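In what comes next, chain A is part of two complexes: it sits with chain B in the first one and with chain C in the second one.
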Partner chain A sequence: MLAVQTILDGLVLGGLYALAAVGFSLIFGVLGVVNLSHGAIVMMGAYLTWFIWHTTGLDPLLAIPPVMLVLFGFGYIYQRGLIQLAVDRSSLMASMLVTFGVALMLRNLLVLVFSPDFKSITPGYAFSFLRIGGVTIDLVRMSALGASLALLGALAWVLNRTRIGRVIRATAQQELAARLCGVNARHVYAVTFGVSAAFAGASGAILGIVLPFSPPDEANWTLNAFVVVVLGGVGSPSGALLGGLLLGLISTGTSQLIGPAFPNAMMFLILVLMLLVRPAGLLGNAFAASR
Partner chain B sequence: MPRIARRTLMQLAGGTALALPALHTARAQARKLVFGGSIPLSGGAAETGLNVNNGYATAVKFLNEQGGVDIAGTKYQLELKLFDDASDPSRATTLIQRLLDDRVDFFLGSFGSNIVLPTAAITERAERPMVQAGGGSDQIFTQGNRYVFGIFPRATRQFQSTVAFFKTLNPQPKTFSVIATNDAFSKTFAAGIVKDCQAAGYQMIENYLLPEQISDASSVLSSIRAKTPDMLLCAMHDQNSLLVARQMIATGTNVGLLFQGLGPQLASYREALGKHATGIFYSTYWDPRTTWKDPFFESAGKFAEYYGKNFTRPIAYHVAAGAACIITYVKAMQAARSIDPVKVRDALAATDLETLYGRIRFTADGDGDAVAMGPSVGQVLKGAGEVVYPAGGKTAELLWPVPAWDKKG
Partner chain C sequence: MIAEALVRQRWWIALAVLGIAVLAAVPFVLMPFHVRVGQLILLSTALGLAWTLLGGFAGYWSFGHTAFIGLGAFAAGLFETTVLGAAFMRANPLTGLGIGLLFAMAVCAVAAALVAWPILRLRGIYFAVAMLGIAQVLSELTNSIDAFRGSLGLVFPRIAAFGLRQEAVFYYLLLIATAAILAIAFLVKNARIGQGLAAMREDEDTARMLGVPTERYKISVFVLSATLTGALGVIYAHSLGYITTGSVYRTDFSLNMIVYNLLGGIGTLIGPMIGAVIMVLLTQVVLGSFLNLHMFLTGAMLVALVVAAPRGIVGTWQAWRRRRHGA
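This part shows the complex of A and B:
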């Protein structure tokens, strides 16, 4: 029974990792930018949700759409106003440094606005659980997993079935060809960044329901996203989902079988092994085929 | 008889004229007593760091408003030179070194043993005293440091009074498990818990060590549900404590007694758990309702009142501990009748006085005396933190046995 519980806990945790990483994966896949401010955007989502819940009493899950909308706008402006400039004037490496600087600024901005105290979103159902046989299901974490899967599914649908999704994929695969077909690549990049920021915000909202959070946590979520992408592959929701679920299972499995002190050590060991053996991740780069 | 040339005389006169304002300034500056240090105002330790910082600031503001402090017949205004170390030990060491270069003689501690440890090593080498209310790890006090003084007892001695409290419980618990995180303070605190509980005859079921920052404790809680102890004792910082408590409630993981050393003291922790927080035990070193007398603030209550008028942040025991650092320094300087760091250090080592925080007395190694400065036991009752042990400091009646999560109302 302990094995079933461990697998279930791993899958639930993995769902959170996957959603938190998908935006990072998309930006890396389409723009080639390693967004080191990703975790800070996740935290912005968590704080915005906390703010809405705290001031209006709106259910945090219902706060996800407005949070996504706000962060889509933020991501769009951030890419067009800052990252694109850095890429144009220097290189992709410069954009990485820019995102690092922005992460530091966002972290301190959150401290300034919300104080460094940790926050916690606890709606009425925050402590509900089910017990089936000997297995305990934390309903909040389970609903977080459900929301993660729904959002990842929606993103996959947008990328694969809609016009803007096709344009994003086309631009990622062959920017020049896309431009020749009349695609405004800069706009597409900014939209992609906006979508990624929106999903980061949604994951922040869900994380806020599950965990207490404070501004310094942003570094962990950037790191987790990086590991998920290395594990699963770049650019696709399915890669993020696979990477996230694997990371969740590795984390709870290591904790149960080796010791609760070792999940991080195991995570980094696997990161190194993957970079050596299969650097593009298990599902590879979703946009690499035509490059 | 040697004659002084007119040019030399003019040079001397000119030099003296130039030096006079500088001497005057030096004298004016000497009337300022500077306390330097780093403090986490951002980063992971900022929540409690802010409380310690506010304690330092409250005491300095109050003493300056009283006209300063009298040391051997000279009035001094106090000044704080505290910089944000962002909870980062390497940044903190740079800041401390810079303050030493700026000739700061007296230091206050940061918050977190991982920061206090390296910064104290620097001030110790420079033979400058540091009084701190932020580091309890044994390593700070077992390396022969002579200039480092801690308001808290070392971590492995902080649990003795809590075990004495456990022995008063009826029905009596028999077994315990420990969850600790992998950081300097929590690990040594957990070692103290295990040592003291086993010495008192309690049987240990498991001792879990988690990473320094936790995002999931489900595996440990599964194990606890399978092998349930009478007491679950957590040695970790605030945010981790809340995460563990939340996951325990959300998975129906019940134990007879949940003790979390840090966390339940904070209003944000209690608000997050709501009614579920009822009955959780914690360590508390101070309460505004205690009857301690203070040489400057008169009493703990008046200190709390003054703090409330000047700060919006809720008062916590770390605020009082921070203020006690300043009070202790000033009283040591008055006892030494000097602001010479070596003499002040000797006076600090001999300190034995009652303050708003309680009795201040250091061991030969510099940490707080475990009997005089050890913690009381707090329990969350009706959404507030109350002292339930020892009997002399009780602010409310103990809730025991504690009901299961779903029976709390």
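This part shows the complex of A and C:
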């Protein structure tokens, strides 16, 4: 029963990891930018949701659409106004430095506005659960997993079935060719960034229901996203889902078998091992250029 | 090659020696608060130089060098409290610091040598993120494993030697460390390894093809950079008197090392020094009253720098001079 419980918890956490990483993966796949402020955007989503829930009492899951909208706007402006500028003026490496700087600015702002204390979002159904056999199924966690999977599915549908999704994929494959076909590449990059920020925000909202959070967590969420992408591959929701679920299982398995202090160390170990042994990721499309 | 460089750059060397001599007089002239600012400037300069050994010369930008500040600080602290003991440390604090320093440098060297081979196979952003991960994990392990006392904290005894006040003692320790690191960086830059590293930074595959032992060079310079950073961490921890995980494993240290180099000019010796002096004066003296905004301001500074002057002060100045001579 303990094993089943561990696997179940791992899947819930994994769904969250997958959702938090999918935007990071999209930006890396389409723009080639490593967005070190991704975790900070996740935290922004969590705090926005907390703020909405705290002031209006709106259900955190219902707060997801407005949070996504706000962060889409933020991401669009952030890319078009700043990151594109850095890429144009120097290099991709420089753009990574810019995102590092922005991550610190955002973290500092969150501490100033919301204080460095831990916050958590507890809707009315927070402590209800089902018990099947010896396994406890927490309703909040189940709804979190459901929301994560639904959002990932929606993103996959947008990328594969809609016009803007096709344009994004075309730009990722061949920027020049896409532009020759009349695609406004800069706009597409900014939209991609906006979509990524929106999904980071949604994952922040769900994260807030499942775990307590504080501003310095952002570094962990950025690293998690990196590990997920290394495991699952770049640029696709299905890769993020595979990587995220694996990471969730590894994480809960490590806390269960080795100790609650070690999941992050284990994740990092896996990150380095993967980069060394198989930099292209399990599915074979990540980080071919790592060395 | 070094002999040539010594002759060619004799004026710069004379200037550096003169500068160190002038700086040595500072604690006798200035107020204790200004001596503390001086400490911070020296620490920052030395950190910038230690980072540049790897980031500037070899082109391997570490985003997590604070890993070695923390590792050094905790290695020395744990050695001093558990092996040497509190009584010994109170009786001869300076000897204790020396022994702790040597031990911590050895720990940093070994740790760096262990991770060097796997991690230096990664390039560019992958190396940067891997270092970020190392710093994160070390800080978390220090915090959560009770034996390392990361959350409980470590206490260092006060040091007042040779009739000097505490802040003057640390000022001189940092001055010696800075001078030593500057000398080491000068030697590395002008020796055969420095030429090899410069070739590697421009194009690693070509350098390797032309017979530069890239693997050996980058591992040695990584270990050297880590050891020197660790030594600075030890001195910094002693000057604080009491450390927890959060006071030595600081992301803003990692960030600042990059900012100093970026502001001054990457790949030079004078660059990180100029950058460190400007940044410390700016953040500590000019913006001293906005302590809770420090991280925000360093982040903003980094963003502004990358966008406005990606080659730093030295690079911009060189370009300006070239343009004038060329025209």
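Note that in this section the second predicted complex is superposed on the first by the 280 of 291 C-alpha atoms of A that agree within 3 Å, B and C clash if a C-alpha of one lies under 4 Å from a C-alpha of the other, contacts with A are read in each partner's own complex, and residues count from 1 in each chain.
One rule holds for everything that comes next: a contact is a pair of C-beta atoms (placed from the backbone, for glycine too) under 8 Å apart; a residue touches a chain by one contact, two chains touch by 3 or more.
Quick caveat, the model's predicted, so the values are computed rather than measured.
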item: Combined model on chain A where chain B meets chain C, clash or fit; value: clash
item: First (chain B), second (chain C), both or neither touched by A:256; value: first
item: First, second, both or neither for A:214, with chain B first and chain C second; value: first
item: Chain B versus chain C as contact partner of A:150, first or second or both or neither; value: neither
item: Partner chain(s) touched by A:264 [first = chain B, second = chain C, both, neither]; value: both
item: First, second, both or neither for A:141, with chain B first and chain C second; value: first
item: Touched partner set for A:275, first chain B, second chain C, both or neither; value: second
item: Partner chain(s) touched by A:164 [first = chain B, second = chain C, both, neither]; value: neither
item: Touching partner for A:113 - first (chain B), second (chain C), both, neither; value: neither
item: From 236-244, 254-262 or 308-316, the chain C stretch with C-alpha clashes against chain B; value: 236-244
item: Residues on chain A lying within both footprints (that of chain B and that of chain C); value: 107-108, 111, 220, 261, 264
item: Chain A residues within the chain B interface of the complex; value: 2, 5-6, 9, 12-13, 107-108, 111, 115-120, 122, 126-129, 131, 136, 138-141, 211-212, 214-217, 220, 251-252, 255-256, 259-261, 263-264
item: Of all residues in chain A, those that touch chain C in their complex; value: 34, 36, 82, 85-86, 89-98, 100-105, 107-109, 111-112, 219-220, 223, 226, 261-262, 264-265, 268, 271-272, 275-276, 279, 287, 290-291
item: Contacting residues of chain B [partner chain A, same complex]; value: 41-44, 46-47, 49-50, 87, 182, 208-211, 213, 215-220, 222-223, 225-226, 238-239, 242-243, 246-247, 249-253, 266, 268, 271-274, 276, 405
item: Chain C residues touching chain A - in the complex, by the definition given at the top; value: 61, 63, 118-119, 121-126, 128-130, 132-134, 136-137, 140-141, 144-145, 251-252, 255, 258, 262, 292-296, 298-303, 306-307, 310
